[in-house]
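See the structures that follow.
What follows is chain A paired twice: with chain B in the first complex and chain C in the second.
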Partner chain A sequence: MKTFWWRQIKAVVRLELKKTFFAKRGLWIYLVAALPVFLFMAYAMAVSREQGRMTEMAHEGGKELTYQDLLAVKPGMTNDEVVALLGKPDVHFYWTEHRHTSAQRIEDILHEKYNYSDGQHSLYVEFVNGKAETVMLGEGSNLIRDSIVFAGVFQFFFLRLGLFFGCLGIFMNLFRGEVLDRSLHFYFLAPIRREVLMLGKFLAGLIATCTIFVTSEVLQTTAFLWAYRPSVRNLYLYHNHGLEHAAAYVGITVLACIGYGAFFLIAGMFFRNPIAPTAVILIWEGINPFLPAVLKQFSVIYYLKSLSPVDVPTPPGMHPVLALLISNSNPVSAPVAVLGLLTVALIALCVSSLRVRRMEINYTTE
Partner chain B sequence: MAVYRRSYKPYTGVLTATWWRWLVLFRYSRRNLFRSKVQTVLLTICFFYPLLCLAFIYLAHNVGFLAQIGVSGNLISIDNTFFFRFLSAQGVLAFLLTAFVGPGLISPDLANGALPLYFCRPFSRAEYLAGKSSVLAITLSQITWIPGLILFAVQAGFAGPRWAWNHLWVAGSLILGSLIWIAILSLLAMALSAWVKWRIVAGALLLAVMFFGAGFGQAINAVLRTQTGYFLNLAYLMTEVWSNLFGIDSEHGISVADAWIALLLYCGICLFLLMRKVRAYEVIR
Partner chain C sequence: MSDRIVFEDVSKFYGEILGVNRVNLAIPPGITSLVGPNGSGKTTLMNLMTGLVRPSRGKIQVLGYRTDDPENLFKLVGYSTQFDSSPKGLTGYQFLYFYLQLSGCDSRTAEQAAWRAIERVNLVADAGRNIAGYSKGMRQRIRLAQALAHDPKVLVLDEPLNGLDPLARSEMIALFRAAAERGCYVIISSHILHEVDVISDQVILLSNGYVVAEGQIQNVRSEIQEHPTQILIRCTRPRDLAAKMIESELASEVVIHNDNRGLLLKTRSADNFYLALNRLIVNGVEIESITPADDDVLSVYEYLIGNEEVVR
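This part shows the complex of A and B:
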């Protein structure tokens, strides 16, 4: 019997995959998944351009500079002192300001801007009448530091919004879409157990979301690392846990698809209008850090946050309430998180199977 | 009389004046609004906060009562910040109400091919849009600037004409701030519902545009170390404009002029999308 059910599940998956991947209604999901990829491609281009500019500046400069040389420049130094220390500037701008000092007196003030670079950092010095007034040391792109930004985008944009709305689009459509197309009765008239149908549809949705969003995640990581030199990339991937982090992100994406998918499958069966359940789940996931420990376990984000390989630090001066939203309080161990999320998804699937057994179609109320 | 003997007879009743024909659409669409229990409940909830604000204004002018319950009289101050908070809270509720009401205005007409029935009558596209959007505009006005002005009038009644004269600009800010938010919400909801044609998806899409836009904007800011991401965050743009209108200090990621231009641009894009879709016939290739 189980082999028969398995064959039926495979048939449903085959049918549903075509509908899910090529549905006109679902095209926006590809856009949602592609947006962060475009973002990191833009980042890669910006970093490459910046690195190219700084390398060019460093080569054009008369003297080979180090980071320590750049640090030695302080406000109040004269331009001769700076030139003696760092050599002739790589980039040099100047202009004269005619400033009214009193009613009938105009004073000429010379402004100069020197730019230096060691190939990785850039120094901007602004002189007013020959004295350094503003000294700005620009940090070049740093893979370790930027990996925290990547983690932030993954946790707060990709997981909570991109994947959330993507799963909403795919999983709610599994049953609601059929009702709106008036085609669900074909499935219900076929000699197939409704639980088997439900499982087949869930697996099809899961395969679709995993394919779309895991591909997006892999492309994001590739685009993020693209801009860096191979030596820097290898150092990050093989010696700074970069490869582990990338694998963890892929794993979290798959688990998020399972968790959110199960939730939206139920929502699609119980609600005609997705706005209310979407808003409720979005708020529930958002207020998760403020919930009591018992209630926290009935959410997806709680487990996903615990699995995140990089903790996003709270910016200094942030309001404590907002800081709590970012922080990962009471994280659970990875095995518990995976097991907990799968249990929550399993409970949701059990509820769905109970619901689908009693489901009645009334197309006229749509 | 036999059916074949019946012939065409033109309508002989009183014609609605040309200028007010869009109100016919408003009348019928408004009736549909209250058929949904959820929408009626949501609309009722929208009046809770104004009532609370009314109570605050009353309490602020009853120092004796406040002293009795052990609250300092200076704790409640009715000023521009009070009205800014009022509009922010009502703005959120207006958005929720739009997510429920807005998508159902145009999408059924488009999905069922009903537009030729409107446009075969002496009724222009602009009048059709005015009629449909007036449902949202009037409903949202009822929960934003109209209660705001009532609160202002009550406060002016308690505080005297001097306060009213000094703070008249707050009333102007209430109206202007509400109107731009109403315009954005109405046009966005109608444009989405016209293009998606599926009422339920259009509602969810409106939610997604708001939250997803804000999230993507922040992601752009963080990754590219820029402030341009704020242009995708409608709520941020609106808060910038409101802060400026109510004279509230805020952290300026982008200038107020930029926020105004972006909001007007969004309105323009939505209007363009709407005009492209709202036609008597559609050629499907």
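This part shows the complex of A and C:
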């Protein structure tokens, strides 16, 4: 019997994948998945360009500088003192300001800007009449710091919007799309248990979303790391948990597909119009931090936040309500989070199987 | 009764709208036609017996199987629906191949059975084309092929001859007859009564969701008492014969044909009429043929349902 069911599931998966991957109405899902990849590609290009500029500045400057040298520059120093310390700047701008001090007098004020770099940091000094008024030390690219930015994009764009709507587009149409196309009877006329059909469709949705979004996630990570020097990249990947983080993001992506997929599969069986259930699920996921502990457990984002390998810090001065949305106030351990999410998905699939058993082909009154 | 398709007090309501009401049937093997005007409940009855819709009340069993058990039911049942859509992007061959794979066939068996079904409906040349580009008749044939593909014991066919040309119609009718002769249950819905008349072993007449009559058409006709049976006799000297019949009070009305070569009589007791026929034949009258004139589906339909929408 298992072989028989397995053969049926494979047939459902093959049919559904053919429809899901090549459906015109699903093109936007590829775009949603590709957006963060484009973002990190653009970021990689910007970082690469900035690094090239700083390296060039460091090499073409009169003196080979260190980070300590850059730190030694303080406001109030004269330009001679700065030149003595760091050498003649590679980039140097100046202009003269004619300032009216009284009705008859015009005073000329000289503005100068010096830029220095040690190859990884950039120093910007602005002089007014030969005295340093503004000193800014830019850190350049920093993989550890940028990994927090990556975590932010992953949590707040990729997970909550990209994956959420991607799963909506794929899973919600598994049954609803067939009802709209009036082709669901094709499946219902075959000697296949409705639960087996539901499982086959779910697996097809899961394979499709995982393929699209895991590929996106891997490409994002690749694009994100692309700009950094191999030594920095290796240090992050092999000594700063970079590989573990990358694996965790892939795992979270797969779990999100399972969790959201199960929710949207049910929604697609109960509702013809996707707007209402989507809004309800989106709000439910959004207000998760404010829910009582028991209700929190019936949400996907609750478990996914707990699994996130990098916490996104709350910016200082942020409104406490917004801060609560960002932070994970009472995370659960990774095994509990994985088990919890799989249990919630399993409950959703059980509800789906009850529903699919009672589904009727009644296109005219749908 | 595991050798019948059984409806026990079945009703189906779509919200406030009646689909069928209080249906009790036991359908035997052979060709059974569901006859009734649009909206009479033919498709609902078919959807009920294939589990596509669930009864609001009552119980349905198809050869002993419940209709909410598709895994076992559709091993026995093939249903050619009126729904014209199919999964997007499939060719005729793929449509059948995937259907058979869904039915649990391995690739090789599915491939062979798909081609066999395609050959049965004469669609070999177009099997590689996308179904979306098929004509109405070709779509009808591919749906018939789907219903036939796994050699089911029960064939449920909703308006199966719609869109087919005359040659294809006669081929399909031959196919249904052959299935019936093999002991299959062939349930056909149609509103084309002369076709129903030709192919049916028994009929179920439906009107406004109710079963008005069921059984072999001659038996149904004999139950209709308020309309005398009409008998057509082709003979010589029809006037003499007519006089004898009126005299014997077996005929309530007689109409002589214009060509003076026959007569149409109405009798309230057809059985007695046939028994007394030899006695009534007067000397010199040669009987060419005696044919019942109103025990066909069309007449029965008109007597029971009236002149509602129907194609003769």
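What we mean here is this: the second predicted complex is superposed on the first by the 364 of 366 C-alpha atoms of A that agree within 3 Å, B and C clash if a C-alpha of one lies under 4 Å from a C-alpha of the other, contacts with A are read in each partner's own complex, and residues count from 1 in each chain.
Throughout what follows, contacts are C-beta pairs under 8 Å (C-beta built on N, C-alpha and C of every residue); 3 or more make two chains touch, one makes a residue touch a chain.
The shown structure was predicted, so the numbers you read here are calculated from the model rather than taken from an experiment.
Look at chain A after the overlay: chain B and chain C fit there side by side.
In the superposition on chain A, A:R358 makes contact with chain C only, not with chain B.
Look at A:G152: by the touch rule set out above, it reaches chain B but stays clear of chain C.
In the superposition on chain A, A:I106 makes contact with neither chain B nor chain C.
In the superposition on chain A, A:V280 makes contact with neither chain B nor chain C.
Across the overlaid complexes, the C-alpha centre of chain A sees chain B and chain C at an angle of 70°, to the nearest 10. In the superposition on chain A, contact is made by A:K19 with chain C only, not with chain B. Shared-chain residue A:F4: touches chain C; no touch with chain B.
Shared-chain residue A:R193: touches chain C; no touch with chain B. When the two structures are aligned on the shared chain, A:L339 is found in touch with neither chain B nor chain C.
In the superposed model, A:R182 lies in contact with chain C only, and not with chain B.
The superposed arrangement places chain B and chain C with a least CA-CA distance of 15 Å. With the contact threshold set out at the top, not one residue of chain A is in contact with chain B in one structure and with chain C in the other. Per the touch definition, chain A reaches chain B in the complex via residues 25, 28, 32, 35-36, 39-40, 42-43, 46, 149, 152-153, 156-157, 160-162, 165, 168, 176, 180, 272-276, 278-279, 282.
Residue ranges of chain B in contact with chain A, taken from their complex: 38, 96, 99-100, 198, 200-201, 203-205, 207-208, 211-212, 215-216, 218-220, 222-224. Chain C meets chain A in the complex at residues 14-15, 47, 50-54, 68, 70-75, 79, 81, 83-89, 98-99, 101-106, 146, 150.
If you check the complex, the residues on chain A that touch chain C are 4, 7-8, 10-12, 14-15, 18-19, 22-23, 178, 181-183, 185-194, 196, 357-358, 360-363, 365.
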